[in-house]
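Before anything else, here is the set of structures, which you'll find just below.
Below are two complexes that have chain A in common, paired first with chain B and then with chain C.
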Partner chain A sequence: MSQQFNYDIAHLIGATVLMAGFGLLYQRRVFAVLNTFAFQALALAAAAAWQAHIQDAPHLYFTAAIALLFKALAVPFALHWLVERLGIHRTVETALSIGWTMIVGVALVALSIMLVLPVTAAASALTRESLALAMSVVLLGMLMMITRRNAVTQVVGFMALENGLILAAVSAKGMPLVVEISIAFSVLVAMTLFGIFFFRIRERFDSLDVAYLESYRGDRS
Partner chain B sequence: MNAMLWQLVQIVLVVALAPLVTGYVRWAKARLNGRRGPAPIQPYRDLYRLLQKEAIVAHSASWIFRAAPYVTFASVWLAACIVPTFTTNMVLAPAADLIALVALLAVGRFWTALAGMDVGTSFGGLGASREMLIASLAEPAMLMVTFSLSLLSGTTAPAQIVAFILAGNVGVEVSLGLALAALVMVALAENGRIPIDNPATHLELTMVHEAMVLEYSGRHLAMIEAAAMIRLTLYIALIATLFAPWGIAQPGAGAAGVVIGMVAFLLKTFSLATTLALFETSIAKMRVFRYADFLGGALLLGLLATIFLYVSEAV
Partner chain C sequence: MLIASALLSLPLLALFAVLAGRREVTHSIVYAGCFVASVALFGGGLTYLGGHSASPSWILPLGLPWLKAHFSIDNLSALFLLMINLGAAAASVFAIGYSQHLPQRRRVTPFFPLFLLAMNLVLMADDAFVFLVSWEFMSLSSWLMVVSDHTDEENRKAGNVYLIMAAFGTFCLLPAFGLMAGPGGDFTFAAMRIKDLGLMGGFMVALLTILGAGSKAGLVPLHAWLPLAHPAAPSHVSALMSGVMTKVALYGMIRVLLDLHGQLSWHWGAGLMMVGGITAVMGVLYAVLQDDLKKLLAYSTVENIGIAVIGLGLAIAFKGDGQVELAALALVASLYHMVNHSVFKTLLFLGAGAVISATGHRSLTVLGGLLKRMPWTGTAFLVGAAAISALPPLNGFVSEWLILQSLFKGPGMPHWAMKFGVPVVAAFLALAAALAATCFVRAYGITFLGRPRSADAAEAEDVSFGMRWSMAGLAVLCVVLGVIPVTVTDALSHVVRPLTGVGFAVSADLGWPWLSPVSATRGAYSGTILMMFGLSLFAIAIFVVHRLGTQALRRADPWDCGHPEDIPQTQYTSQSFAQPLRRAFGHTIFQAREKVVMPEPGDMAPATHKVSMIDPVWSGLYLPLVRGIDWIADHVNRLQYLTVRGYLLMMFLTLVFMLLVVAVRQQL
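What follows is the complex of A and B.
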């Protein structure tokens, strides 16, 4: 198999992760969002495993396994359980309509491409494409955090952002395993904190809508 | 000489095969739902029955109402003739291009919508307005797919795109994946398949295509139904031809090549039809207000496909 073909498959998997990022923005039900997130993590695991295969870097299989176990299984299950436990509204509440969010999303993809092109002028087209993909996923995660009112969907946005970082890391050669493990564990810790945080917010305000928090900001009132 | 022969085969093939493809999808869906379902050849019987029957025309109908079924059928049939299915060696191949294809399909849709409004019933107008809503979103998406394919291959003619891909000039591009997703979404919308429209319903609130053709009967209805069946086959053939052209006979291939092309075409068509049945069984129809999101998504995918061509330096 040729080198070109290997990279093409890698980019195709990267594009699947990106599409799942758009899927996250498109969904209107919390459970559908969680399923899409699990799918994105699955695609990420596939991307890591494929990179391990073509770079001949066995430690990336570890990364793939971490993505599969924690992000595709543990985190969605935990969030699922939380949503059921807390009896949250099943619809996604958006700050910006879905159609507009998608348009902004495409604009962000174009932006990340425009940013990546001059920065990586010396690099090959292959690196450039994977970087552009990963950066788009990161930006879409941020967009998701901005445009969603509900804390659960904001957390999913945060996790999606982190998926983008891992995607960038696995496509660049020579990232040490320590970094990945520490990222994975910090995400897990963040996940636990978010869980506790959800309970606290709900106890306090009977809702997970973060708008309720705003009256407690210092610069208002 | 051969080119003429294969073109004639293609012209007959699309009409002869279309009811079978539709019947097969219905049959497969019935089996997946746990019903026995009518035999896959049922649409042939339906068309024959409709052709035997008298056509009833409303008093308020004008000539548009009478002409529309034939114009629709002819434009869709012609569109189906220019998509290379089993060989690219056809007389119409130089004239065929994807933009013309989009235009031909638009002509058919335009006339169906006109006919829907012609009689003046409320259902017809409602169906026509929804059809135009879908079309106004699906057509730009389809054109974006066309642009990304033609930027990649340097031509808008399906025959040459097939030759370009078969020559191994193109790898597994991200853009092609995105364009495929966009084209599938457009195809679902244009054929009134499940997330957009339910082809089996006559429930007043949800129907789109059926609402426009509610007034038709007899041979007129047969023409309209046949056009819808050909359109489904056309989109399946188009997806198979552009994104999985393997097996299609090139000019210069002998009779054996054409036979291989034919077998490959039938295999691809029925496997895509099976996929369609599986897909339709597994999801629910979406609300009318969400069409814009769905088709806007297709448009954005087409746009992304074009953008990524520039990143990967394929152009």
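What follows is the complex of A and C.
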């Protein structure tokens, strides 16, 4: 297989992760968001595995396995279970309308391409475009966190942001495995904390809308 | 060695004052120690002035580990060391007696030696680090003494304003030195001298230095803290702050603008000269309207700093234009005025301290007739007042005359701004000098002449031995510096030579006692001859009156000085004396308005006459600034109460903004 073909496949998978990022922004149902997130994590695992193959870096298979197990399976199932268990309102509550969110998302992708491509002019073509894709995913994750009211969707936004980081990590050659493992575990810890937190919020306010939290802060004079 | 041991003794004295402050004798010992240390430092300064000894430099392993502390004494530092320690010695002697009656003396004595130490270290600093640390230390130690009488609301306010302005000054000086040190970060003055600052760097360094050192020196409109803080401190400290600390600020200005910067264009000189002119006139206009004796002296300090800065600006303009001889002349005149001001302003503040300790009052309204009760203080104050009013043959005249002479050479510069600007500044200087004379006629006349306006003033006793002699010594110095002007300018010539390239040159050398900076026929002055001539005339007059006049007894009604009723209320008051000036100048500048309220017919209440004035600097600059800061603080405060998503949004927008900046910069 030619090098060009390797790159094309890598870019295709990376772009799939990015498309899943847009998909996250587009969904109107909480379960659909979770499914899309699982799909994004699956694509991420595929990207990591493909990078392991073309870079001859066997430790990236391990990264792919972590992404598959935790992010594509464990996290979506756990969130699914939480949503059902807590009987959360199943529609996505937006702070910015879906259409506008998509437009801003496109602008962010344009920004990251404009930014990354000139900066990494010296790096290889594979790394350059993957980095641009990864950065777009990160920015879309952040966008999701600020444009969605519900705590579950905010957590999904955070996880999508992590996906972007891991995509960047696997695209660059020589990222140590320990970094990826620690990222994966920090995500798990965050997931656990969020879960406990959800129960607590839910017990108090009968809702997961974070706006309820605001009247309970001590620093408002 | 002498200098080092004197400097080391000062913190030990401070420590001693803290530990043994309970006993009365401690304070006398500490101030006596300060006197000895100041005399030693004065002697040290004298050794290095005039290039008799090579300027020494020491490198001590103090401060940050990779920056050693550099100290050095060149001619300029030596001159200012003389000024500082002369004032410090006089104030220390005065304080031995004065502090006995000071209720808050335990909060003052420990900081006095530290203040002296800080000022001396600023002058000896040879790198930016030592300079700035000492500078800030000087501000803080004097601030502690300003707020020593913190029970008074007004003193607390003065302390706050002082602290803010001191912080502003250092805030300006810090980047100025940072720019001069450059990215390499060599903070020694030697490295800064050879560094090329470039156009923008040079501009910023000059601007920040004028703002930073100017706020400490009291240039209008940065003077706002000075008339509040200087009077709030005990009088011996006020004398040092006004007479001496402002000189340290001017030293900083000269050091950076004429020594370290090295490539200043004449525009800066022209601007500085104009600011000096405005400062002089504004300062004296404020001073002439004050009722508080110490506040009056503090505003008069603003005026004199303005006069010195006129000379400094002129020197920079001449130097920037390449006319180094004239630059030397203007700089000598400016330095001469700084020396003189440090002497007579210290004297006047000590005199005010003596008046306060004798009567307990600072307000002119309740003083009067003190010359009879306090002949020593009254005479010394008279000499100081005459000197600051620039009366020949005293020292104030010589320096103001020299500045005026150098101003007359200004229109010879090939710039229209200077051709037109210099006569304006000369007119400002003349106006300021005339108003200063009025101001001190008023201050002296109301305080020391006439009849006492209160029981306290009527029962005042002259102050103790040490206080008298410290004032007498400074008064004698006022005369001496005035009658031997050539000796002084010769000494100052050594100081200006490294800064301008040439020494002080007289155009026609008429011999020792004659000072003729411009031409032998049009501008020559000799304080010595004038003094001798005046004394001879005086002696002849006494002889004529006593020997040739009639000895016969004559009986007549005594002259009643214009008020036949023997009640103090018929005299001029401090307000009535200033009224013509208030009407002439205050109406527009201070928005002074007078209002007479007559009681209703049948009402037994007295009629009242009220004067309202507005300080244009406060109402035009500082209050809007304060309101603006309040407004911004109110609006920024809202950021504290954002929602979780709000904070996320803020971070997100910041990130996107930064990325955009990077992206745009790449495209360029």
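By definition in this document, the second predicted complex is superposed on the first by the 214 of 221 C-alpha atoms of A that agree within 3 Å, B and C clash if a C-alpha of one lies under 4 Å from a C-alpha of the other, contacts with A are read in each partner's own complex, and residues count from 1 in each chain.
FYI, contacts are C-beta pairs under 8 Å (C-beta built on N, C-alpha and C of every residue); 3 or more make two chains touch, one makes a residue touch a chain.
In this text, all values refer to a predicted model and were calculated from it rather than measured experimentally.
Chemist: Would you mind checking whether chain B and chain C clash or fit side by side on chain A after the superposition?
Modeler: Here the two partners, once superposed via chain A, fit next to each other without clashing.
Chemist: Let me test your reading of the model: by the given contact rule, A:Glu129 touches which partner, first (chain B), second (chain C), both or neither?
Modeler: After superposition on chain A, A:Glu129 lies in contact with chain B alone.
Chemist: Using the superposition on chain A described above, determine whether A:Pro118 touches chain B (first), chain C (second), both, or neither.
Modeler: A:Pro118 sits against chain C, while chain B stays out of touch.
Chemist: In the superposed arrangement, which partner chain does A:Ala190 touch: chain B (first), chain C (second), both, or neither?
Modeler: Neither chain B nor chain C is touched by A:Ala190.
Chemist: With both complexes overlaid on chain A, does A:Met145 touch chain B (first), chain C (second), both or neither?
Modeler: second
Chemist: Would you please give the vertex angle at the Cα centre of chain A, with arms pointing to the Cα centres of chain B and chain C, as a multiple of 10°?
Modeler: 120
Chemist: According to the stated criteria, A:Leu165 is in contact with first (chain B), second (chain C), both, or neither; which is it?
Modeler: A:Leu165 contacts neither chain B nor chain C.
Chemist: Tell me, in angstrom, the smallest C-alpha to C-alpha distance between chain B and chain C in the overlaid model?
Modeler: Shortest inter-chain C-alpha distance (chain B to chain C): 14 Å.
Chemist: Within the complex, which stretch of chain A touches chain B?
Modeler: Residue list for chain A touching chain B: 4-5, 8-9, 11-12, 14-16, 19, 22, 26, 98-99, 102-103, 105-106, 109-110, 113, 116-117, 125, 128-129, 132-133.
Chemist: How about chain C: which of its residues touch chain A in the complex?
Modeler: Checking each residue of chain C against chain A gives 640-641, 643-645, 648-649, 651-652, 655-656, 659-660, 662-663, 666.
Chemist: For the complex, which residues does chain A have touching chain C?
Modeler: Spelled out, the residues of chain A in touch with chain C are 95, 108, 111-112, 114-115, 118-119, 139, 142-143, 145-146, 149, 210-211, 213-214, 219-220.
Chemist: Within their complex, state which residues of chain B touch chain A.
Modeler: 171-174, 177-178, 181, 292-293, 296-297, 300-301, 303-304, 307-308, 310-313
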